[in-house]
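In the two assemblies presented below, chain A is common to both, partnered first by chain B and then by chain C.
And then the complex of A and B:
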């Protein structure tokens, strides 16, 4: 079994080597199904940054399509505008402007975000009323004022912080 | 202590803490510079109209983004190591105090001259007088003379604790069976608060540390009175 795998690997490596060695322009000029560098199955995709996908859009061609492809092999000046557009649509699904078209997805995303923020707000509000115990008495206004006065008297953070912002001569904040 | 809604460090009460504040400013500036650069690059990459994204190598930028981080790291490491060694210097302390961590209080022993020892329990919230700070006040403070080098030997009697006072730039783990030494010198008189900094059970948040730095005569009076009480 190992020997079979080795034979397969050599075949794959040979194909990979030939893909690397042959010029890419030669491969793209005959734009039918092309070899992918990472040996994944060829697939069609519309991407702004990769202009030519692995394979054309339409795989199964009707007879009319096939005659059109034959006509494409001749001089292109003999193709009418509709025929050129039809050939483009055989090869590609969307044009560049169609690919770059803006969607309204952002409205859905933003709406979802606000919805969940609002829901969270409701949960927090409910918690405040029904779950949290009362605040300790040190949070009351009088107690806070006395604590602040004591911090100033103790010269807490006198260099740049708290007490540095109090004017001790005038008895007020600077 | 911290004032309400404080975000930054407390003002330094010891020279080492001053050094740490300056180093923090230096390192934070570098961090801001790097973050701004990265944010700019991210925004540029997301909003670009260019579509050729498959360039695979470039020697010049590789050299830059290897050398520049190395230089930045050296610029951070040099001041950092300087402070590290500064903190370790022998400083001939005037006083040695043992701070022992228990579940859930600290005890201090001043045994240089006499045998002075006392426990320091947090004052419970319901027993606070108006103006006292919740979860920070203790019944007995660790009083020290100001502007004198103090050595603190930190250990624990049961589980791990950690003796920390942010404004002095001091934190030392209290390990049972081990004596850890730290030293500091207070540059100004005042009261400096800290809290236990190693999880030690149910009341880990309720065993604070209060250091009171006073002139030498006050310290001598206090130790005399404490010895009488004991």
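And then the complex of A and C:
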């Protein structure tokens, strides 16, 4: 049996080696690489608390953009409103109102909180049934009555608290 | 389009000028309210309690109830 398995293994290994050699190039072509960002260079970011990012939004300017940038070097009163907005959009991605747009994220957060609270409730319920040991005898009604009587006998908090509410002459609560 | 230049300085000072008196005022009100709604009645309650307090009588009552270990009830 050992010789048979050895023959099997040799065949398998040969097949795997040939497969690796022939299909490696095909695999590389179909493999998708995600775009990597070089974080060692200045990056653009939209942040409410830091108004001026490290670099402008648009790096690669078309010819129209380049002429606009040249015009920007002159007096700004000669720029039209659309040109000023175009220059802004070259420099920045979002305006402050766009950045501050409220999202519906709070619904997801609240929903997640409630979901996990509910799940925790189920877990605790299961624990109550299958994990907790039985309650001690001192939790029963008679035992509790005895404890209460002893607290009154000891005059626990007689000024404003527990025993202050008990009428010792009549033997009942005030 | 020419907007007015926004406030660049003194923002914290302005906020404090407004909020600090309010904060102090509310804290004083809270303290005074606590004094006259909690501590004064409590002091009065203790004074009234001890005005009519007979410690020997209370001790004997407790002794008869059997809670002490050093003195048992007079019957035993």
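Everything that follows uses one rule, which is that the second predicted complex is superposed on the first by the 114 of 174 C-alpha atoms of A that agree within 3 Å, B and C clash if a C-alpha of one lies under 4 Å from a C-alpha of the other, contacts with A are read in each partner's own complex, and residues count from 1 in each chain.
Simple rule for what comes next: a residue touches a chain if its C-beta (ideal position, glycine included) is under 8 Å from a C-beta of that chain, and two chains touch if they have at least 3 such contacts.
Bear in mind that the values here come from a model prediction, so they are computed numbers and not experimental data.
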Looking at the overlay, does A:156 come into contact with chain B only (first), chain C only (second), both, or neither?
first
In this superposition, which partner touches a larger number of chain A residues, chain B or chain C?
B
Is A:79 contacted by the first partner chain B, the second partner chain C, both or neither?
neither
Please work out whether A:168 is in contact with chain B alone, chain C alone, both, or neither, and reply first, second, both or neither.
second
Partner chain in contact with A:49 - chain B first, chain C second, else both or neither
first
With both complexes overlaid on chain A, does A:68 touch chain B (first), chain C (second), both or neither?
neither
For A:136, select first, second, both or neither according to whether it touches chain B, chain C, the two together, or no partner.
first
Partner chain in contact with A:147 - chain B first, chain C second, else both or neither:
first
Which chain A residues come up in both lists, the one for chain B and the one for chain C?
150, 154-155, 158-160
Chain A to chain C touching residues, read off their complex:
81, 150, 153-155, 158-160, 168
Quick one: in the complex, what on chain C touches chain A?
1, 42, 45-46, 49, 58, 61-62, 65-67
Taking the complex as given, what residues does chain B use to touch chain A?
1, 3, 6, 8, 10-12, 51-53, 125, 128, 130-134, 167, 188, 190-191
Under the touch definition given earlier, write down the residues of chain A that touch chain B in their complex.
48-49, 136-138, 142-143, 146-147, 149-151, 154-162, 164
